[in-house]
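Labels run A, B, C, D and E following the written order; every chain starts at residue 1.
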Amino acid sequence: MAVKGVGELDRQYNGADLRVGIVHARWNAQIIEALVNGSIKKLQSMGVQDKNIVIESVPGSFEVPWGSKRLIDRQKARGEPLDVIISVGTLIKGSTMHFEYIADATTKALMNLQEKVDIPVIFGLLTCLSEEQAMARAGIDPGHTMHNHGEDWGAAAVEMAAKFGPNAF
Amino acid sequence: MAVKGVGELDRQYNGADLRVGIVHARWNAQIIEALVNGSIKKLQSMGVQDKNIVIESVPGSFEVPWGSKRLIDRQKARGEPLDVIISVGTLIKGSTMHFEYIADATTKALMNLQEKVDIPVIFGLLTCLSEEQAMARAGIDPGHTMHNHGEDWGAAAVEMAAKFGPNAF
Amino acid sequence: MAVKGVGELDRQYNGADLRVGIVHARWNAQIIEALVNGSIKKLQSMGVQDKNIVIESVPGSFEVPWGSKRLIDRQKARGEPLDVIISVGTLIKGSTMHFEYIADATTKALMNLQEKVDIPVIFGLLTCLSEEQAMARAGIDPGHTMHNHGEDWGAAAVEMAAKFGPNAF
Amino acid sequence: MAVKGVGELDRQYNGADLRVGIVHARWNAQIIEALVNGSIKKLQSMGVQDKNIVIESVPGSFEVPWGSKRLIDRQKARGEPLDVIISVGTLIKGSTMHFEYIADATTKALMNLQEKVDIPVIFGLLTCLSEEQAMARAGIDPGHTMHNHGEDWGAAAVEMAAKFGPNAF
Amino acid sequence: MAVKGVGELDRQYNGADLRVGIVHARWNAQIIEALVNGSIKKLQSMGVQDKNIVIESVPGSFEVPWGSKRLIDRQKARGEPLDVIISVGTLIKGSTMHFEYIADATTKALMNLQEKVDIPVIFGLLTCLSEEQAMARAGIDPGHTMHNHGEDWGAAAVEMAAKFGPNAF
């Protein structure tokens, strides 16, 4: 019995016509890079074309929601509006309370961003208590104990855009 | 003396004319399936017609509020507007802080969704500290120690739609 | 020296012209009933007429903010707009995190409701760590150790409606 | 080296032309009275005229944000619009979770009120773990271990109104 | 392997045409001064002209979001609109719960401010559990154990303005 796990996709999705944005923080760069690459790989495997994947970075997680908002604006201004955006950051608990306040504000800002931009925002923020936890979720810990969570975000992006994106119905 | 428990319904409700949406996450699939089935069973027992129960899934709990919003949009676009939506997810505490941030943001997004869509949103999010807790609340733990909470959500959906839904007065 | 306690009312209030709504959850029904009755008794003692007290219930605390919003809508549609609403629920800590997320989201939703409906919303949500605490605050614990908090809410409703309600100035 | 402390005012302020509102809760009345008096004294010392200090009370801290909003509305309706408001309450940790939920919701409501009313809102909410802590911050503990924080709020009100109030530029 | 650290800037930025606002609290003045100076130094090193750096102070961190909003308003009214603002405060845990409620409300207000003013807001709020932590992050602890975080904020300001500011595309 597998209680955990997202289970099978409910149907096959084809990302061939989708435009996907990725905005990622640069703090904890090695982890971020693995996560973003995981997302890209999954997007490609679901048919999203390379020319339709737009990637931009911001310094830290606090900048991710506004960066996501503005990348959406920019692509709209260019006549190439996004169908979905993946917002990626990695927060690791430190000795001050910075982690807690940033994590909470960023999560809620990404949640609320959706109604403002009217496209799905995929939550790619790791909120970990140690570097080891973050590396495991990026698929780059020594023992490879977990899969690369970026792949989940890529799959969620295609599904959400196809099912509930601006051109879904 | 029974302090706990929702007590009797305050009156009989007839769901025969109601359209009910269900958006559920797919993480923790077995638990979700039991909860959704519990909701459906209760809706049917209160007169909701099968053709008026619209179900859609999203990957995880973070996607549930936006998915709920868009299912409401979609059904409106189809000329079959929902009277109420049940938003279902199951979050289980893990080793990072993912549970805490997602649970809080999702709960508030579902609460706030109501004023944007102007229909009641029934809170079907389990926020459990263990799989055992979640299974018990879905009515599928070995000892069947609790009832299926999905049934409560089905009953709440019919009541809230009949009492405070878009066509209630 | 009595540091705690709301102290004396700052002036006498007459509720004879006020319309007061009460929306209450039904979970923890015995406690809720005592609280609502406490509010009603206080409203009456301050001159509010029985015909001007409108009561409606919802299943649980999560439903209280939206139910409050819609009772206000309904009474406006009926040409009998409310001057103030008392929103009542009782949450008791259980073994999952349900209590924490519902309590926080409901408190903030009731706070924020005020600017949307432009009438005062009286906070009648008990957020207790045990049934004993809740019973004490409803004035129904065996030792009658505390007064019925519903009375405070009734008094606050008349004061806030008279001082800051839609017809106060 | 004095790391803590607000330091010197960055310049001299003259409150002679400012209208200042004070809305305070009445719970913990002795503490509140000292705090409000501290604010008034400071306002006077910075040139605010007595006729331009408008004071109103509400029952508890939850009522402070809406009361503040409505006092601003009222003074505008009277043709005597406020330049700034000081919102005062004292919350002391009790045995239930009431303190935590009220404190958080009230703090955020006061923060957010500013953009709705377009004048500065001075945060005069004490969130203390004991009566002793609250009395100390009101300058009325036996040992007079701290200064009256209401004075800080009075000074902040004049500064913020002069610098960033509705008539500041 | 350097898991932590913002890594290299993704490209070179030229701040020569940018207008940058800084709003800072005055509590914990020595720390604040170091942080603000760190930001200014970095801004200058990235080409921002001194005449285009506008600095204003407020009493405490709670005043920072509204102060930031109004400095943006003021500079717009003067025909010298800001491209980005750095919002600086230092909160240090004390014996009451003041730190927690202010930190959370201020963080979220700064996050949400961005969509209202449509320029990036750089998060310069330290939320520390001790003075030592704050001094280290301002680069002024005895051992100089950390770099001055104000420099990061200066760099983030130029990058965010150039990449996602009002004149970026």
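Going forward, a residue touches a chain if its C-beta (ideal position, glycine included) is under 8 Å from a C-beta of that chain, and two chains touch if they have at least 3 such contacts.
No experiment lies behind these values; they were computed from the predicted model shown.
**Q** Can you work out the whole-Å distance between the CA centroids of chain B and chain C?
**A** 26
**Q** What whole-number Å value describes the gap between the mean CA coordinates of chain B and chain D?
**A** 42
**Q** For chain D, what residues touch not just one other chain but two or more?
**A** As it turns out, chain D has residues touching two or more other chains at 104, 108.
**Q** May I ask you to sort the chain touch graph into line, ring, star, complete or other?
**A** ring
**Q** So if I start at chain B and go to chain C next, what's the full loop of chains?
**A** In ring order from chain B, with chain C immediately after, the list is B, C, D, E, A.
**Q** Which residues of chain E touch chain A once you look at their complex with the stated criterion?
**A** 1-7, 10, 93, 103-104, 107-108, 111-112, 114-115, 120-123, 125-129, 133, 137, 152, 155-156, 159-160, 163-164, 168-169
**Q** Under the stated contact criterion, what part of chain D meets chain C in this complex?
**A** Spelled out, the residues of chain D in touch with chain C are 26-31, 56-60, 62-63, 65-67, 69-71, 73-74, 77-78, 92, 95-98, 100-102, 104-106, 108-109, 116, 131, 134-135.
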